[in-house]
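There are structures below to look over.
Common to both upcoming complexes is chain A, partnered first by chain B, then by chain C.
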Partner chain A sequence: MKRVAIAAAGITKFNKTEKPLDSLMLSSIRPIFENAKDLEQNDVDVVLTSTNANRNYLANIISELSGIKPKISHSVESLCNSGTNSLVSAYAYVSSGLADVALVVGGDKSDNPGLVLNWDMARGEYVHPIFWSSMFTSAHMRKYGTSLEDLAYVSVKNHKNALDNPYAYFEKSFSLEDVMASKNLTENVRLLDCSMPCDGAAAIVVCSEDRAKKITDTPIWISGIGQKTISASFTKNNDLSSMESTKNAVADAYRMSNKTVDDIDVVELHDAFSICEIIELEDMGFCQKGQGAKFVRDLYDTSDKMINPRGGLIGAGHPLGATGIAQVVEIYQQLTGNAEKRQVSDAKTGLVHNMSAGSTSSTVLVLES
Partner chain B sequence: MKRVAIAAAGITKFNKTEKPLDSLMLSSIRPIFENAKDLEQNDVDVVLTSTNANRNYLANIISELSGIKPKISHSVESLCNSGTNSLVSAYAYVSSGLADVALVVGGDKSDNPGLVLNWDMARGEYVHPIFWSSMFTSAHMRKYGTSLEDLAYVSVKNHKNALDNPYAYFEKSFSLEDVMASKNLTENVRLLDCSMPCDGAAAIVVCSEDRAKKITDTPIWISGIGQKTISASFTKNNDLSSMESTKNAVADAYRMSNKTVDDIDVVELHDAFSICEIIELEDMGFCQKGQGAKFVRDLYDTSDKMINPRGGLIGAGHPLGATGIAQVVEIYQQLTGNAEKRQVSDAKTGLVHNMSAGSTSSTVLVLES
Partner chain C sequence: MTRFEDELKNNNFVCSKCTKCQHFVWPPSEFCNKCLGDTVWEPVSKSAKLVEISSKDGKSFCIAEFEGNIRVFGTISDSLRPNPGHGLVLEYCSYDDTPKFVFSVE
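Let's turn to the complex of A and B:
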């Protein structure tokens, strides 16, 4: 297999605006062409858009507005992990030799239709993702004694990390008391345990080794890819204290990259809700099962930014189609030493975990400098 | 690059039904598992859905309903060439080694939102594809003297071919007089010059060489791929007597497959409207520029089924997300000798041409037995 690089990245501020999706996407693309050593619109073979919006022909529209006439252009949708699905397609095009340079752009508005899980009739009235997060929370509490305070630490830590991320939706920190006292949405999910839908876009360039060296002095390599879909409906999940698709995907990503959890310096993981970060840390091997809450408290106590340095989805916001790409942008910035106040020192190997719909599907990527 | 095969195919009758999209897609998948020598749900690494419907998480829903737990699953959208875009992604996954077996399923209902080109404000009130076809028709008439009768021959031929296609939307033939007398939608596009939106689904299995030989005794090889996007809006097209994206894509597909037009035995081309078949035959080198109409008349006079043996979009119907896959299914059946009454004798090399939105983007594939 040919070596495949990430050679450039761009991102918008995550917020709520009047800007249409197209404009957001273009704003994330602009810095890529402005900052690259050598990259012209004519060099781009592939334009993929990643979104949950009900739009047709969006990749072609973004191509035309960007002055690009690509070979391959289409939109990719898989709810919250649309972004990493489009990145994996870009990897495959470059790796197979069909393309040399792919521009991958994710974006969504805060009112996008991916926020409601309305295809699964077994959910009854419980169509909002809050309900699956509450069921995961209950299961983890029963099995491992996880407390409401444990959950609150995830939120406090990630909101604190987001303060150093100029693109984050939240621009203020919250105390443990703030989170504990925030509105109860279910008996164990509070408002500040949730990632917020918002507007945002993020873009990356995926390309061949030769091309990467023309675009930048610091390419990052995609060395591990794992993906798994267990189901679409929530009823197929058995043990709700764990995420089967994530365990499957991370095993494949470690195997392909020939890395273990001990090699990972910095992580972006999919904290759609507080409970997710705790379960995912366990399922990806960063600690023993049942020790995720303690792991988060230790990170908080030591101000360690290793996990979700940009603030995760909880601190940075969650524009669905952009999220997977934004996670990759963060790890790209970390591994190139450009993460400014968020920089994790000596970060050489990073991991991205991006999932959909109650972890019915997951993507894990290993990136290396 | 690894050799990549098509090893199985399925298709539904194209019609108008009460069936939901999911059911149509499942109906196209069922014969694949029923007929394969050796293929289980567990063998499938990738499920891609191709549709213009406003649906979220459809690939995961189809996976679950089919009993498949794939690595990669998402939906692909690029209007009328969504189908071939998803096939090219499947090719890239297999060729790169990320996957061994991909199931690609295209489908749409007759009321899907891809039928109206409402993103291009420059179109003014002319949002229906009929209007771009009328502009192509006017340009070709001016430059090459193409007549309304020439256009009618495309429709008569393709409706006649569709009589031998049990999956076609139309089940009756039309005389030259019928087409000439059918309702004028513009000054040069009549109702019977148009492909009809309808319900339908089609599915194929794309896989590695080793796997293909387990599934079938007659794999078909994807030897040439060409894709090009010129724009999203129609205003970027200059010479409307020709299709720039098609010329670009066919050149790449011939180059990659090391074939020329003289090697092609059977063709599925994107006759969304009568004028399309004439222009595409010229632009893909089957005849000189300006000779497309004569080429079609000769086919008709000699009952030669080489071009659009299943009746094309005009005879078989046009369920947008299914169309590109349905074209590939036809060429697969032709090259495996299973096209029954439609069989083109001694067909060894086939070509698929699938395009979107006034040929603003095109895909061309070369397939070989």
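Let's turn to the complex of A and C:
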């Protein structure tokens, strides 16, 4: 297999606008061609799009609108995890030698239908994601004594981090009291524990080593990939204080990259709800089971931006198809030393964790400078 | 999946069961997800086990498990707050855009 790099990135401001999805995606693609050292539309031989907007032939439409005539173009859809799945497909095309340069773009509008999986009869009338989130929260609180205040610190920290992210949906900080007093959606999920659907798009260029050197002086290498699907319905993850697909995916990503958790300097993980960050930190080995809340509290107390420096989904917003790519854009910026006020010092190895539908599937990427 | 929905509307919870290996296939499907054999509709036992519980606006909702592997979200009609593992009884079920399951505490 050939080495595979990320050589360029673009992103839009996450917000709510009248702009159609195509415009959002093109807005994230434009800075890639503006900023790359040497990259023309003719160089791109793969275009992959990710969205939950049920749009037919979208990759071909985006190719035409951006003046690209790729060999391979198609969409990759896997709910919240679509963007990271797209990147994995691009990796496969480039590492196999089938293609040299892949443009991967993800985007969604706030009203996209991806939040509810209608197929899943097991969710009964409790179709909204707050309900699976509340079940994870109940299980973790019972087993490990996690408190509502512990959960609130995830939100406070990630909103605070988002203040230094010019592309974030939220532009204000929230105090512990604000989160604790925000509207109860269930007994243990409050409004400010939730990520917000919004509009946004993000794009990256995934390419071979030779092409990466032409495009940039600071390529970032994709050294580890782990993906796992347990199910589509919310019925097969037996222990609700843990996320089985995430544990599987991270083990494979560490194995492939020959890294351990101790090597990771900076992380973007899928905090669709506060409880997700706590469970994922534990399941990916950043702390012992039951210590996730303390880990988050320590990060907050020391203003450590190691976890979700762009604000995660809670602070940056969650345009589903864009989220996985936006996470990768952040780690790319961190590892190239271009994360400005969010910069984690001396970051050389980063991790991206994304997942779908109550962690029924997960993707973990290890990226290195 | 209209048969499933129609039966729920008539307060009957049925699930697909494999004619070859007798496995209950959930969510329902024409094909067994163990052996890909054909399935038929079979009534599901009324008794379930509580997997997890929370509440919204003072009303408890839960994940309940039937037959050892059929997990569904539903509502608990009692004001009781049982712990996971506790027995539940399916009081009634219905279908209106989504399935509805209502349980009482055993």
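As a working rule, the second predicted complex is superposed on the first by the 369 of 369 C-alpha atoms of A that agree within 3 Å, B and C clash if a C-alpha of one lies under 4 Å from a C-alpha of the other, contacts with A are read in each partner's own complex, and residues count from 1 in each chain.
Simple rule for what comes next: a contact is a pair of C-beta atoms (placed from the backbone, for glycine too) under 8 Å apart; a residue touches a chain by one contact, two chains touch by 3 or more.
This is a predicted model, so every value here is computed, not measured.
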item	value
Touched partner set for A:52, first chain B, second chain C, both or neither	first
Chain B versus chain C as contact partner of A:88, first or second or both or neither	first
Partner chain in contact with A:69 - chain B first, chain C second, else both or neither	first
Chain C versus chain B, contacts on chain A by residue	B
Contacts of A:233 with chain B and chain C, given as first, second, both or neither	both
Partner chain in contact with A:137 - chain B first, chain C second, else both or neither	second
First, second, both or neither for A:225, with chain B first and chain C second	first
First, second, both or neither for A:125, with chain B first and chain C second	second
Contacts of A:303 with chain B and chain C, given as first, second, both or neither	neither
Chain B versus chain C as contact partner of A:185, first or second or both or neither	second
Chain C-contacting residues of chain A that also contact chain B	119, 233
Residues of chain C that touch chain A when the two form their complex	1, 4, 26-28, 51-56, 61, 63, 69-75, 84, 98-101
Partner chain C, residues of chain A touching it in the complex	119-127, 131, 134-135, 137-139, 142, 185-188, 233-235, 240
Of all residues in chain B, those that touch chain A in their complex	1, 47, 52, 54-61, 63-64, 69-79, 82, 85-86, 88-89, 91-93, 95-98, 113-114, 117, 119, 225-233, 236, 252, 356-357, 360-361
